[in-house]
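Quick heads-up: structures coming right below.
Both of the next two complexes hold subunit A, though its partner changes from subunit B to subunit C.
This part shows the complex of A and B:
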């Protein structure tokens, strides 16, 4: 089993881990020949929120080499915190790490490789940099990992979801976050609604207060239906006014919103009475370096 | 009749909620607030432990639009002894104040929210402080009218000087008893609109703390910053705060000014704030100097104590205010009135009424 790569885009990787870290302490990273998958699927997650992501190797790594007995794939389980620590010292712009720690060096190269130290599998980060005075510095981080068995990897399955009722392009996540943070103090449940005429609503409804925040003229991307032929041609065009809605936990939604650090474009899909799916694109949609997919299960209201 | 029913009791709107929410924030220490609507504006009353009463007087010119349609008494026929016309028509309801404030700040542009950084307060105080320097001879409440014009000109420049900042606009409707308070909040035409319905409750009778100005034993008017600095200096672990006032001694006019001053220093201080806590006492004296105490009236020595946690409730209002009037009556009832900076509204360009927030607090029973 061999793995070695140079990390070119440290900031992006750092931000991806940062947005996932809010969900759970440990995450699974699966490296394949073309993609890196960051997965959070622990049952212990509050509200059952899951993240499945797919990031193109080219958008983060260079000189990427991977070899293994199971189809050249390596799946590891590691602590987000430790990984963030390593990336922090590798990144000159990720957060304010360098200014706070007082070290002032420019990162020249970051190499990550799979290694074994004292019978413990680690991801070894080797950071070389130059200080202001022109001296070379070398920093090494070992992040303890647990390599997952192919049999266990095979058991990892993305949640099954029905065909979404509607897709909607979300406004800036930062703005949504300000609003949802205010709502959190008033309610635990948030309703997300969207209609085909571009209306998006975030609502809460409690005994003492009822709040609807509405965006108009959101873009509704027309999705290519898989197996369009099966769809009967005389399918009525959807009522543009009809709001498709799903109830989710406010806390889970806020956890998803912490991905605003990495997002450029986000598409939300409402599967009524099932879940809310959020595709967070890293980089342009057209030339996406990858996508983080958040699944937030619906709360079924008995009323 | 049916016509009258359609008319909402209250309709108000404002293009920038910052001033309105700053007034509300001043009394946001208990969640349930009673809102009384009159022709002149809104009265927001909050009480705590039957001891402290906070009232925000929000006059109608804070809003760009303010329409009040008094409720029509439904059973006019059966009750002939309805309130006569001379009595002022009012409508009252209770709302969760905290929710209203959160909603006004839903886009994070209502300024100085509980969670927001402190920078906003400074933006507030700056015009206020300047205003203060302008009118060193100005009195307290009521007589601020001539200063208004000047102040407003300054303010509209400075207050909204940072024009790039986004503002939250609001429209508020209350149809009548049994209906929720509907608030529509929006940032700009392109952004989202938030519609909220806040449940209203029947107003319950409040603690009445009438202040008898006939029995007033101490009256002080001072710049808010002088009191704010004193109170913020105190350790939060204090449990008791005492206000002590002594009559101003009349220095012998024939004496040398330097000597007069020396005598004044040796005398009992005119006004002292004493804080008592588990870790010790703090005493702060104010000299009877026109620069500090704009007005000071005290006939006999006065000493009354209050629970510090109650006085601390006033700090938020104090921070935004310009001038403070502190009065105590012979039973120890404390009345703190905070004069707020003048609003700038579209309705009354350059001429607004000064809004203020008043706190009344009962004194602690002292064992002799």
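This part shows the complex of A and C:
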């Protein structure tokens, strides 16, 4: 089992892990020949939220070499905090004087590889950088990992979802986050509704308070349905006014919103009364550099 | 004592107080005719911090009352946070014109004629003269400190001296992702070689089960240090970061470099920071690193916590932190450490190290210097015979020699030791005398 790669885009990788760190302490990373998958599917997650993401190797790594007995795939379980600690010191502060955003050393190169230290499997990060004064500095991080057995890897499956009722392009996640943070103290359940005429609603409704926030003129991308018949006469065009809605836990929605650090475009898919799927694109949508997929199961409200 | 400083001096003074409050809770003030010292130690006495302001730092400085002929020094103890919260208040920074600090010694009731001197307590009075003729007066109760403490002066023959700017050292420490929080107390292990410095973490990113998930090691050129006088290469020392970070923060805010001195591992580390009309000294205890190889390890070893005074008494498992301070009666100069003293008779306090009795033939002089009062709280020494164990013949010998079992003085015992050659017995008796006395 061998793995070695140079990390070209440390900041993006750092932001991806930062997004999922809020969900789970540990996450699963699966390296394949072409992609890197970040998976958080713990049952203990708030509101049952899960993350399944696929990122193209080329958008993050250079000189990528992987070799293993299970189809050249390696799946590891590690602590998000530890990985972030290693990546934080690798990312250059890029001109800002904010000490929390990366190191004050100029990073020249970051190499990550699978290694074994004292009988413990680790992901070894070797960072070469330059100090303020222009001298060389070398930093090594060892992140403890647990390599998953092929049997366990086979059990990893994305949740089954029906065809979504509607897709909607979300407005800036930052703005949504500000609003949902206010809603959090008032209710546990959030209703997410969208209609084909570009209307997006986030509302709460409790005994004491009812709050509705509405965005108009959102883009409704027409997603090609797999195997869908080209004959649109089969289905009636959906009522543009009809709001498809799903109820989710406010806290899990907020956890998803922590990915605002990495998202450029986000598409929300509402599967009425079943779940909410959110595709957070990393980088340009057209490039398809990577997607973080959040699955939030619906709360069935019998009222 | 009365000292006044203006708004310009408020910043360094407040920064000093912030740093002190990160070291320990109780702050001691000592005012002599030339300087005003603020110092404190942490609860496990493994770190010490002292700020000495020259009288030139203040616009007015007066100690003692020439009319009454009182002694020329004032002293007291108070909570660092109390003084800090007064000076750090948000309106103070923008409106302060000058600040007067005075210590009013408590007087007995018969002597007091003045209302301001009420009661037996000493008070620290902080009078803030602000804009618009606003005067805010704060009175803080000053406790008399039970013992003055000062660090030992190191033996400089094998000393390593390093000088580094605060930014450079902060850059190094920032690379380590260390657990934050009141309970965490991370350590770093530094290895100084001829031309390179290696720093590694002992533990970090602890997960819920207390096992380290991340180990980090950094290699940097010795040229990052402005001055790098290494006594012997390679030298490896380890110390906790909590207080060190407070020192670095202070130095960075004031834009001052740090002079770091240390000798052997397990001898304390001294940091000097000198500024405009003030100098500071920080002493942090160090320890032998648990693993001397430079290999990075992620072994499942639990975190090594420093002993705080409130930890439970099964302290035998932990390595006790070296105490960096000792009691002294004279704060005018730092006391010499036990090791340098030529003869035991010249030492101010009996030095007792129970565990080393059998190893040393002369009076034990150990690094763990403690006052006798603290000694009584220690676990019992390993080699002390109880009265019942002292055989009858031993007791008879003692009585014959004229020494009582209880009241032997250090000097008397030593004399006896030399003249009578009663080696083992003498030591054990002497120990018990100190124990009981």
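Keep in mind that, in the parts below, the second predicted complex is superposed on the first by the 288 of 303 C-alpha atoms of A that agree within 3 Å, B and C clash if a C-alpha of one lies under 4 Å from a C-alpha of the other, contacts with A are read in each partner's own complex, and residues count from 1 in each chain.
Just so it is clear, contacts are C-beta pairs under 8 Å (C-beta built on N, C-alpha and C of every residue); 3 or more make two chains touch, one makes a residue touch a chain.
Worth saying up front: this structure is predicted, and the values here are computed from it rather than measured.
Taken together through their common subunit A, the two structures put subunit B and subunit C side by side without a clash. Set side by side, subunit B and subunit C differ in how many residues of subunit A they touch, and the one touching more is C. Judged by the touch definition given at the top, the superposed model places A:137 against subunit C, while subunit B stays out of reach. In the overlay built on the shared chain, the residue A:82 is in contact with subunit C alone; subunit B does not reach it.
Using the contact criterion defined above for the overlaid structures, shared-chain residue A:175 touches subunit B, although it does not reach subunit C.
By the touch criterion stated above, A:208 is placed in contact with subunit B alone, subunit C being left untouched. When the two complexes are overlaid on their common chain A, residue A:108 makes contact with neither subunit B nor subunit C.
Once the two complexes are overlaid on the shared chain, A:33 sits clear of subunit B and of subunit C alike. Of the two partner chains placed around the shared chain by superposition, neither subunit B nor subunit C is touched by A:158. Of all Cα pairs spanning subunit B and subunit C in the superposition, the closest are 7 Å apart. Comparing which residues of subunit A touch subunit B with which touch subunit C, the overlap is empty.
Of all residues in subunit A, only 25, 78-79, 81-82, 84-86, 88-89, 99, 103-105, 117-118, 120, 122, 131-133, 135-144 touch subunit C in the complex they form. If you check the complex, the residues on subunit A that touch subunit B are 171, 175, 178-179, 181-183, 185-186, 207-216.
Subunit B makes touch with subunit A in their complex at residues 96, 98-99, 102-103, 105-108, 115, 180, 191-199. Interface residues of subunit C facing subunit A in the complex, by the touch rule stated above, are 167-168, 171, 174-177, 204-205, 207-208, 211-221, 223-224, 295-299.
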